[in-house]
């Protein structure tokens, strides 16, 4: 991908960090399947499945570990 | 989401930290599927399934790693 | 939950730490499905399944990482 | 369990550490299903399944992370 | 494999680090199945499956943890 | 196993470290199922399956985290 979508792992707050973890999780999907039309078609498969949502939450949790460590856990 | 739900990863006790890990796990689901009605319908699919509960517990465990590290494991 | 079940992550020995990791794994399940009767019914589904037992062991392994780090790996 | 099976996470060599990781993985199963007869019956289900073996290897990998960190990666 | 494909884990930016994590994830597949023709045939199986894409994103997330730590999270 | 297959986690390059992670992943399988004939028979089950290859890549990624940390990420 030629656009810059990840200039930094640093965020102001834990919540923004969590949202960055979601972005990372989605980018992992998009790099694997760049066709937006296919992604749209697949969305109901996981967004309406208990398993699919749990797995999505797991990928976010793994990426949040990285973002939280990068930000020293936003300790003040 | 516009509301502030994660101001900090710091908690007073390990148990509160575990409960925050549960909140993080549920937020990961909710960001992926914001429709509360759909989430309610899916609940029996995992809450009454041995597999679904194990996977839910796994996501909580991953998020608890993050929260525990943030709190220096509540060492006194 | 109102009872205190996790006052500390510190244990005397690695083995007690492993048993605490099991407690954490079970609590992750119990927070998601608090109905003890449902949990009892589901037990045979994973305790008699090779897959279910491997996944249970995985959740314990993830929680044991947290407990072991909290205890500085019980290095003497 | 009343016997002492995990007195320490420290091992002399990385290979002994890997074998300890296997022990931890099996103990995670055994705490969940203590009945040895049931475990024997389930063994073919994963030991003869590509998926089952990959998952078993994954639990070992997670536990090996813990044991390796405890031993400072056996750096000399 | 005799070619050099991983001279370093260091990258200039987080985004390049994420792309290196994708490379690592693909290499993990390729070492297991070196036959490029087989890989091409399997591609639709995961690139058109919600589950497959989530799992691919998870492997990337795990490798990104490693790359991000190697780069001290690109803190400036 | 009586042979020495893991004298050290230290490697000269990241790429050798990645290959050691593959060795660790395979050993995890082999300790669980030591019968080489069974392993040969199972190989097509995962090497020709998109899911199986993704999971294999995931175990490698987890082991690579360990090897990379042991080598201080080959920072120079």
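By letter and in written order, the chains are A, B, C, D, E and F; residue numbering begins at 1 in each of them.
The definition used in the following text is that a contact is a pair of C-beta atoms (placed from the backbone, for glycine too) under 8 Å apart; a residue touches a chain by one contact, two chains touch by 3 or more.
Each chain and its UniProt protein: A, B, C, D, E, F = Peroxidase.
Worth saying up front: this structure is predicted, and the values here are computed from it rather than measured.
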{"item": "Centroid-based (C-alpha) most distant chain relative to chain B", "value": "F"}
{"item": "Rounded Å distance between chain A and chain C, as computed from the means of their C-alpha atoms", "value": "27"}
{"item": "Rounded Å distance, chain B centre to chain C centre (Cα mean)", "value": "16"}
{"item": "Gap in Å, rounded to a whole number, between the CA centres of chain D and chain A", "value": "31"}
{"item": "Of all residues in chain F, the ones touching two or more other chains", "value": "46, 49, 51, 55-56, 58, 62, 65, 69"}
{"item": "Overall pattern in which the protein chains touch one another (line/ring/star/complete/other)", "value": "ring"}
{"item": "Order in which chains appear around the ring, chain B first, chain C after it", "value": "B, C, D, F, E, A"}
{"item": "Chain E - residues contacting chain F, complex", "value": "4-10, 24-29, 31-33, 38-39, 42-43, 45-46, 49, 51-52, 55-56, 58-59, 62-63, 65-66, 69-70"}
{"item": "Residue ranges of chain B in contact with chain C within the complex", "value": "13-15, 18-19, 22, 46-51, 53-58, 60-62, 64-65, 68-69, 73-75"}
